[in-house]
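What follows is a set of structures for review.
The following pair of complexes shares a single chain, chain A, combined with chain B in the former and chain C in the latter.
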Partner chain A sequence: MLIRSRTSSFARQVGTIAVTLLGLLILTFVIGRMMPADPVRAIVGEEATQDTYMQVYNQLGLDKPLPVQFVMYLGDVLTGDFGTSIRTGQPVINDILTVMPATLELATLAILIGSVLGITMGVIAAVKKDRWPDHLIRVISLMGHSMPIFWTGMIALLIFYAALGWVGGGGRMDDYFIGLVPSVTNFILIDAALAGEWEVFWSALNHMILPASLLGYSSSAYITRMTRSFMLDQINQEYITTARVKGLSVRQTIWRHAFLNIRVQLVTIVALAYGALLEGAVLIETVFSWPGFGQYLTSNLMIGDMNAVMTCVLLVGVIFIALNLLSDVLYRVFDPRTR
Partner chain B sequence: MQTETLKKGRTMTIPGLAPLGRILRFLMRQPTSAFGLIVIGLLVFGAIFAPWLATHDPYAQDLTNTLAPPGGGHWFGTDELGRDIWSRLISGTRITLTIIALVTVVVGPIGLAVGTIAGYYGGKIDTVMMRITDIFLSFPSLILSLAFVAALGPSLSNAIIAIALTSWPPIARLARAETLTFRAEDYVSAARLQGASDARIILKSIVPMCLPSVMIRLTLNMATVILTAAGLGFLGLGAQPPLPEWGAMIATGRRYMIDSWWLVTFPGIAILCVSLAFNLVGDGLRDALDPKQMNRR
Partner chain C sequence: MKIQAQLRLTAAALAVAATPAFADTPDDQLIVGFSMTNILTLDPAAITGKETVQVLANVYDGLVQLDPVKRSEVQPDLAESWDVAADGMSITFHLREAEFASGNPVRAEDVVWSFKRLLTLNLAQASFLKTYGFTADGMDTAFTAPDDRTVVVTLPQKVNPQLIISTLGIVGPGSILDREEVMKHEQNGDKGAAWLSQNSAGSAPYVLQQWQSNNLVLLARNDNFWGEAPEMRRIIWRHIPESQSQRLQLERHDLDIAFQLAAADLGAMQNEDGIAIQTTPSAGFYYLAMSMKDERFQNTKVREAMRYLIDYKGLNDAILPFYGKEHQRPISGGFFGLLDDPGYTFDPEKAKALLAEGGFPDGMDITLRALSDDPFLNLATALQGSLAKGGIRAQVVTGSGDQIYGAMRERNFEMIVGRGGGGQLPDPDSNMRALIYNPDNSDEARLTNFQGWRTSFMDDQLNSLIDAGASEVDTEARRQIYADIQNRIDEVVPPLLPFSEVVTSAAFRDDLEGFVVNPSWSTDLSTVKKSR
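What follows is the complex of A and B.
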């Protein structure tokens, strides 16, 4: 009985996701068709004759009614064909696969920084509720959430790179290291470690630490707030009083008892925060000349590369849905009550 | 006649609207949200009196005095075309307020309409509308705005449309949740028994009840709107030069950043202050509406 209800809820979830994905495809299709750039002109060039133009126009299926075009698009996407980028002439999906690791690497380091910062601040704020550390943490974390990250990035570059010289500037590593390490995974830290090139590794980390810290700081606001509120729920419960009466110190009560009970909720929050990081990544990559997904998206937006933009937007949507699903699944796996 | 008095009695007790003064007093008592309220007050003040506060014409170029550091006749220095940065910042408050106001005016009704209709009718209508909402929710707002602006063409008005298109879903979610709690209430049944049409019930009985929480959610949303608009401006997809939009000012100032720090620093601080102010007020509002907190203080 229980098993059946679990499978049916799973089936319903799969159905929901399928519908959402279809909606996502409709949305990206509409956006792609609304874009002012002329895809035919981009392929045939300015000097093509009317005949060549019409030939390519028909080849792309642009003469067919929109619903037919959508079905064609759907078929292409389902077979893994996301079209060719006008700018690079490569299949869009290949382009994205090469730039994605740079963003994932940055975002992962950022979420590590953000989680450590956010969870620590959240726990302290909860324990010191309504006293000055709570107020201070509230301002610090909201500040991270309120800063225009492209601006903070520039100011941080001015201070830590131009003035103090503590970190590397834009790009993934110092120029003279580029090409030294064979690209295996495209994750530069992993590649460098695999090749044993530790100088490259440190150079890459040196370049990554500033944008990652800023991204992490901006995402820590949400994590702090949620940690604080989860923690407050725990602190008011009787087992905490019991633990204190038993003679445990405040530190032990908080970290060994209360914190263990909010782990599950925190994992789901961090998964959601990871998705939100992508947004900041788009802006910060522009400032730090980071050759990742965000820069790929914005540079293609500017020239109206339809296929590339559609696929990027679609991909972000899919990642978001996947992270939501992941946080849902993690919750079920780790929380015995939901079994 | 009787319905009129009945309804009047109801509107008087709308939770959240009646104790508006109490909420405001609560916000002013906390140092953080009081700071937020003051900054927002200054923003509105600056926008209203912009022509008198500005020391120069924000568009007047002076090519003999470009990139002048702060001090002398120019409090915040001049930009690459010799325009006074202080005056541009001040007239930028009008753009920021316009963006916030327009987005809010568009998003509120859309969210309310979708949410109340979905919640009131339930069933298939609800499922379809909420699925659509979920699709829009499955993007970070900046990315979807980027895509919309790319489709519509970069300009301030298109940026506003794009931000509005991406920020209605949370409002719809909220309005639906509220509607679900109200639609089974006696007064709604009473209105229905008196022969009120569905449209009338939604407009007269349900929407007013959703308004307070929707308005608060809209306030919470304003910091995000400011940051998204600034981000679009920075990427060159929002307000176009020579408009003194803060994000766009940072984008043009970026080229001169190393030697002339004032070009990017001041607009950035302006964005930070305003967005922080809205976040602090939003944070305070959340506390103010938590009954446990409100009574304790």
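What follows is the complex of A and C.
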């Protein structure tokens, strides 16, 4: 009975995911077709004759009715064929395997920075509520949230790269290192380490630290606010007073008791912030010439490269679903009441 | 005292840390910043736009190459020499001894195959040859190889042979491919297109080592190059779409050349030590165009009035430094037959009088389309102001390329401020076909590659003169034809009014030698050296 119930619950979950992804695809397809972007013109250029235009139009299958195009696309996707990108002429999957590691590396470092910064500031703000550290942290996190990251990126480059020379400029490494390390995983830090090219490794880290710090700072704004609010909920509860009365220090009360009780909620917040970073930080990627997922998705959207766009949207959908499932699982691990 | 000493030491340490150390780019590698957004393939038959030409000019040779300084001239490349038949209907090219990067010899058969491939695939670059009557059906007659070192091009229609020779100097239609190498990688009858989008099969000083879309293009020295070996071992083309990022990297010595700088950054760097800026005429014009689908613009007086509502000097001085230079004729600077500018000036009173004569004493309301990018939005805003002085109340509509030029291609617009007009082929015929020529003004014809058709302008006399100009062989007679064309344009006022000629502005470290921007985009970087 229990097994049957679990099976049906699992089936329901899989069904929901499938319907969500299908809905996402339909929506993207419709929006993509309504956008004023002409993939044929992108391929043939401004000066092409009409016969060239029509030849490519038909080659892309755009002469077929929209529902037919969609069904054909869906059929291909179900057989694992995500099509070829107009922008690169390569299978979309190969492209994603190239751009995604660049984003993953950046986003992972960014979320580490953002979490440490955000959680620490959030806890301090809650403990020092309405005192100067709280106000200062509010200003810092509000700035992170409200300053356009494009502008922050330029200013940071101006200071830390151009004026001080502490970090590398755009790109994933210094240009003369390009091509020195064989691409095995496309994670430049891993590839450089595997090849034993430590100069390349440090150059890559040097190029990554500034965009990752900016993204981390930007994410930390949200994490700080949420941490503060979760902590305040806990601090006001009776068990905290009891702990203090029992003689525990403030530090022990905050970190061993209050904080442990908010980690479940924090996991969800951090997971969602990570998801948003993976989806692509297109502005930072543009300022830092970072060949990541955000730039790939946006530049393909601009030319109506629908195979690429649909696959990217599908991937983002899968990432968010996976992160949600992961936070569900972690809830179960950390919170015995949900078991 | 001790504290003071410590403070001094700390200050000194901070000063050292805060002073950036400029490490130059390597002596034997050239690092170039540009935008790769428009690069969708590196197959010479399928490329579009300036950036791909800039890259492939260093990878593929043509039979001839376009001179970077004397715009109307061509120089030998894979062809050492060429002869034009007495009747002007064929050109015989004599090839030099050369090898492709693969080590295969360059044979006449490769040349012929490259041109046939271009016409068979019928992609972007084919239009250069199709313009002069070359077709896939007639290609076996048009291109022949009597022996390994000789290529004969037979003209399908009467055209000045010099036009064809120049066309074959353009990167793309004129690029010669290693047939054997390409066909090794053919998939599903694509004549190697998929492989060539990521690889190269040329004979020029560099080979394509790697292309990562919107990231980088890596060119490595071709050890089999037939000419003088370039000093630069590699050319690394970096995708840096943001102008200010490019500027910072150039200033920090991390870039050698920056191709994609905005006017504001170029202006700011003009007097900086260690940086030089080269501004060279390029292909096309900035123009104000009207649609003659709109009845109001069918009136010559109205079109003429617009001529006097453009502040030529103001636009060029205030908005277009580093983008364009003042130019009013629809023929590029330095091209054969170009007359002096007619000297139109901003004259709202004259415009008002013309509008009144044309039946619009109270002016009119129009929409003015413009790309939302630099410099178009600024141009549109300035034009809105100058048009208003003549009573033309313009509402500016901005959008993406597909929205703005798309509307023009659909002939569904009133006025547009745009850029274009041929000129990659260094001959006035290129400008005339792009801007004026229109052999069929019906909607069904969909001659979207002609701006004449897009603006619904058709003048039989101009069409005949343009055809005559393309086929005339006698230099003086041809010069007279282009003079007649320009005078006729003054008189009939086509609805596309150029006010500036596009220029290419590149900033570079001043330790570079031999860097000359080619007006036809095909800048040869194999001549670049670093003097350090």
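Here, the second predicted complex is superposed on the first by the 288 of 339 C-alpha atoms of A that agree within 3 Å, B and C clash if a C-alpha of one lies under 4 Å from a C-alpha of the other, contacts with A are read in each partner's own complex, and residues count from 1 in each chain.
Criterion: a contact is a pair of C-beta atoms (placed from the backbone, for glycine too) under 8 Å apart; a residue touches a chain by one contact, two chains touch by 3 or more.
These numbers were taken from a predicted model, which means no experiment stands behind them.
When the shared chain is aligned, no partner comes close enough to touch A:L117: not chain B, not chain C. In the superposition on chain A, A:L158 contacts both chain B and chain C. Looking at the shared chain after the overlay, A:L297 reaches chain B, while chain C stays out of its contact range.
By the document's definition of touching, of the two partners only chain B reaches A:V316; chain C does not. Contacts of A:T20 after superposition: chain B is touched, whereas chain C is not reached. In the superposition on chain A, no contact is made by A:M226 with either chain B or chain C.
Of the two partner chains placed by the overlay, neither chain B nor chain C lies in contact with A:I96. In the superposition on chain A, A:E46 makes contact with chain C only, while chain B stays out of contact range.
Of the two partner chains placed by the overlay, only chain B lies in contact with A:R138; chain C stays clear of it. Looking at chain A, you'll find residues 36, 154, 158, 162, 286, 302 touch chain B in one structure and chain C in the other.
Chain B contributes residues 31-32, 131-132, 134-136, 138-144, 146-153, 223, 227, 230-231, 234-237, 247, 250, 254, 257-258, 261, 264-265, 267-268, 271-272, 275-276, 278-280, 283 to its touches with chain A in the complex. The part of chain A that touches chain C in the complex is made up of residues 36-38, 41-53, 55-56, 85-90, 95, 98, 154, 157-158, 161-166, 169-171, 174-176, 178-179, 286-289, 291, 295-296, 299, 302-303.
The touching residues of chain C, counted against chain A in their complex, run 17-22, 25-26, 29, 31, 37, 40-41, 46, 48-49, 122-124, 126-127, 130, 193-194, 197-198, 209-210, 212-216, 218, 234, 236, 238-242, 244-245, 248-249, 251-252, 254, 399-403, 405-406, 420, 434, 446-449. Considering their complex, residues 16, 19-20, 23-24, 27-28, 31-32, 34-36, 135, 138-139, 142-143, 145-148, 150-152, 154-155, 158, 162, 275-276, 278-279, 282-283, 286, 297-298, 301-302, 304, 309, 313, 316-317, 320-321, 324 of chain A touch chain B.
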